[in-house]
Amino acid sequence: MNWKELVIALFGEAHTITRTGDVISGDAHLQVAEAELTIAVVGTTDHAEIGVETALAQARLVLDTVSRYPGRPIVLLVDTQGQRLRRRDELLGLNRYMAHLGCCVDLARRNGHRIIGLVYDQALSGGFITSGLMADACYALPEAEIRVMRLPAMSRVTKISEDLLRSLSETNPVFAPGVANYVAMGGIQSLWSGDLKQCLLDALADPNTSDIRTRLGADRGGRALAERVVHQVIEA
Amino acid sequence: MERLDFVLAGHRPVQAFEAILVGVVGSGNLEVLVEPGDHPASCTFLINTSAVGFGAIWEAVVKGFQARHQLCGVSVSINDMGATPAVVSLRLDQAIASVPFLKAPAS
Amino acid sequence: MINALSYAELNARQRVEHLLDPGSFTEILGPSARVVSPHLALLGVPYAFDDGVVIGTGLMHDQPVLIAAQEGRFMGGGVGEVHGAKLVGLMRLALKVRPMAVFVLAESGGVRLHEANAGLIAVSEVMRAVLDVRAAGIPVVMLIGGANGCFGGMGLIARCADHVVMSDQARMSMSGPEVIESSRGVEEFDSRDRALVWRTTGGKHRFLMGDCDLLVEDDMGAFRQVAASLLGCSQKLNLQGLLDEQRVLTERLENTGQCNDAGEIWRRLGVEHPERVADMDVEQLQALKASQILGAS
Amino acid sequence: MSGQPKVWNSQATSRAGRIRRATAVLGESLIGKVVLAASVVELLSAVIESGDRVCLEGNNQKQADFLARALTRLDPTRVNNLHMVQSVLALPEHLDVFDHGIASRLDFSFSGPQAARLAKMVAAGQIQIGAIHTYLELFSRYFVDLTPRVSLVCAQAADANGNLFTGPNTEDTPAIVEATAFKGGIVIAQVNEVVSALPRVDIPGDWVDFVIQAPTPNVIEPLFTRDPAAISEIQVLMAMMAIKGIYAEYGVQRLNHGIGFDTAAIELLLPTYAESLGLKGKICKHWALNPHPALIPAIEAGWVESVHSFGSEAGMESYVRARSDVFFTGADGSLRSNRAMCQAAGHYACDMFIGSTLQIDLHGHSSTATADRIAGFGGAPNMGADARGRRHSSPAWLKAGAQARQGRGGLYAMPRGQKLVVQMVETFREHMQPAFVEKLDAWELAERAQMEIPPVMIYGDDMTHILTEDGIANLLLCRTDEEREQAIRGVAGFTPVGLERDDRMVENLRDRGVIRRAEDLGIDKRQASRSLLAARSMRDLVRSSGGLYNPPQRFRNW
């Protein structure tokens, strides 16, 4: 689904979302009971590379919302091929730009903004750690692709045979591409299908803003250890 | 990866001690964890190694080590990432350096 | 002639021992607990008893602190399920026990490929947990001085902390040079040109740019001294702080976004002889940064 | 008497003809002795004839790369069947000339970077190898039966008269030029610059016929730089054993070190561990050695009185210049190296050679040859061989000789010294390849490449000590083949060869001091730590040099 179809599905015509470069942004309006709820939408499209500019532009949009519209929910729409692999971006401190975006999202949450992440196309590697994965909860469309690396490339880097990787990936969600794996591990709260607007409304109605992903991973059986380890450490 | 298990008799008892860890599971290196063991008259070796097919060499290395130290009531656990026997022996010697032996019985 | 005790030379466990007050460290989920990665064995790769990260409590100058140290030699310090959960747990523990600081001795290539999905999620969990600790007024201090640097997800986590301390041998960035080279070719980034790699990602560049707050020699004593000076030094994030950061990063892009080499950037920052930077020691570099009105922060 | 009178100056006539042809074809591209780079192929076509012996200066370090490229551009229908006589095959072009059908025969010393391709081309019949020599052996044959007709050499700078300044990397140039210029040959030099006044003259202009300024500076490799960060604890342990068990034992004053991390570790332990043993001034004063960066801390600590070098090392220029009491330098201040002289020095004037190898067999023969590479050994066989012609004595030499003769009569009753030849290997190399084998791969290579003899780097009868992490085997003290075999097995650790040892015999050899383990030397293995290294990083080396050492970019991690 491209971003235009997505925002229609989410908001109908009630939005001002536009694209600037690879960044999409604007406001959207949802009818919640009798009231109209305005939502700030920030995201990327066209499998955006997350370089310093893209990270900074998204951070500015989040900060603008926090500065000017206290409490307005923020929806982060994710479509990225990962961080930009250029020496120049590293020279400028890409990790700082990206972390800044993550800090802005986190600040928005602390300031009372609901933050919903949605992977609607692809989310590769580090590209969405500081956006969608920093939301209160991150969701995905079933047809979206989430991965760190494809198995052939992973096989080359780890020197583990592709056959072994492939056969293990059938039962273990820990390394292979796929949104279902991320759901099983708790990184994705759930998949949205059918009435996407309703899915969004349901997400906004979920009162939880704390990070429950290790618990989800344990409950769903995709990440058996993380929750237990976290608790063992806290209780130490 | 290969998992190897050896239980070798020994006769030098040790005092109670805290677990000792030396080394790192890095390329060509290994970690050795020495803990009080369950067998009062022998030392157990439990080895995970990335290099498959070197069981005979491992056996020779730990037997040589045990022949020198005669540990009993001790468990040695190893995670290995392709260390040479030279490195393995060095780590074992480093690990055992802080094990508090009771006075070696005259033998 | 050479450092009495090189930080880079030591392993994670030794760094912890030498950073804290002698004998004060108590490890949480230490090697005997055998909380290991269940995934590595399935892939035929040996695990480590601590999954490559040492965590625990200790004292620094008699003040209670929490500490984590990544082992860069094991899986490149990569963050997997257990490794990440230990870091998350430590941050949550900080909220409970309120130490004078949480020290993270980062040395990592980022996400551990063998458990990539768990690692990716864990990195964002650690980021959120770090920001929770920071918001609670407990300083999180990143210490970076290992030979493997601090890359990928750990580079992101580092920049969420209150303070970043680096040695001039350390590196911090997002993608490693080898990754960029294999993706874009050697013309884009020659990963074997170490001088170029360090000029682009090394401690000196990060210090001149303001991406790390403090630069130290590769010396355990220097790290300890600086770490102690940061006890209780919380820098809470607020809107104004992030607006300032936005301005700094925007100006950086405007002023130096066209530069293709660190030397050009340094010159624009007011460094008169960029070619001399590489051979300067830490003290000279600190003097240089103090003496220039540098555009970075 | 009948027929034509014997001609006694055909070489001079041929030479004059070639020079004439070159002058004619070059026209205005030739000014004095200086030829424009664009005309290099015309020049080579004019002076080289089919079947000529050609020396293309390929050194261990500097390379006449521009002339090598030009040589590959000759027309093989006009110039072919060249016989290449050069010490090192380093560049792809060195084999391209065979691929293109320009050359067919080869005599050389070392082909490390091209060894695999060379083996393939030999197997395909594209190259006939005359012989694989040591450096000194090949240089010697330049003056006997392999004299070059044309030599293509490399220097830093030339003046209009053809005088050459080689800079610190003089290397093979004097040996090549001397043999060529004084036997009717033609010398062509590529230089990085043509200047009006040279800093010093390394090769006199009247030995040089043509000079060409290459469009880019010649290739040079920092082959002898070892980053101390990569030295392992085991290498530290072995270095401690070497110092205490061999250097101190024999009082080795004059020596040569092979290339590698093992010997770099020894160099870096001199100012620390060896100093703590009180050995300063007693060992390691005089060296035949390239300017190894790893030697800087020992030099700075006052251990080293002199170093003569085969070649130079990139980044060491300023350091060497500032330490002219130690290094051989010209009036201009920069290093003067000379491979032939240093090889002779290493062979005759050093009491010890210590280096590494890939394989050692039960007789103590050692070789770096593998079945699918034809690499040669460069200088190691000369360094690592007893100098049978040596007649002067020194304490180390005498002690080694005495040990070899102890208890023997007859022929061995005559007092004589012996060079210490030490091979230092870990029992297992990377990927668990054992360093000890029943049979060297050299045999298989010899069979595949139809060599008359297996390529052995150091013969067992020259080898005096084998040093592994497991112990030191002193072969001088062995009296029978069986003892020798058990001494070798006795330090072969957990390799198959080591596991086959006869424990009783090995213990007996240990009692006699033929085998000495770390503990026999009073070395606690657990003390073998990298913290003993006088420098643990490239940065430390730079600091140790007072900022004079300027490592190449690729080594600078700060």
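Which chain is which? They are A, B, C and D, in the order written, and residues in each are numbered from 1.
Quick note on the criterion: a contact is a pair of C-beta atoms (placed from the backbone, for glycine too) under 8 Å apart; a residue touches a chain by one contact, two chains touch by 3 or more.
Everything quoted here is computed from the prediction, not taken from an experiment.
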item: Comparison of A-C and B-C by number of C-beta pairs in contact, larger one; value: A-C
item: Chain whose Cα centroid lies nearest the overall Cα centroid; value: C
item: Whole-Å gap separating chain A and chain D, where each centre is the average of the chain's CA atoms; value: 59
item: Whole-Å gap separating chain A and chain B, where each centre is the average of the chain's CA atoms; value: 47
item: Chain centre separation in whole Å, for chain C relative to chain A (CA means); value: 24
item: For chain B paired with chain C, centre-to-centre distance based on mean C-alpha positions, whole Å; value: 34
item: Residue numbers of chain C (touch at least two other chains); value: 44-45
item: Interchain pairs in contact, sorted by label; value: A-C, B-C, B-D, C-D
item: Residue ranges of chain C touching chain B (in the complex, touch as defined); value: 11-13, 30-32, 41, 44-49, 52, 71, 73-74
item: Residue ranges of chain C touching chain D (in the complex, touch as defined); value: 1-2, 6, 8-9, 147, 168-169, 192-198, 202, 204, 218, 278-279
item: Parts of chain B lying in touch with chain C, wherever the complex brings them together; value: 1, 19, 21, 24-27, 29, 31, 33, 35, 48-50, 77, 79-81
item: List of chain C residues in touch with chain A within their complex; value: 28-29, 35, 38-39, 42-45, 55, 81-82, 84-86, 88-90, 92-93, 96, 110-111, 113-125, 127-129, 131, 135, 152-153, 155-160, 172-175, 177, 179-180, 183-184, 188-189, 200-201, 205-206, 209, 211, 237-239, 242-243, 245-246, 249-250, 252-253, 256-257, 259-262, 265
item: Of all residues in chain D, those that touch chain B in their complex; value: 232-234, 237, 426-428, 430-432, 469-470, 493-494, 499, 525-526, 528
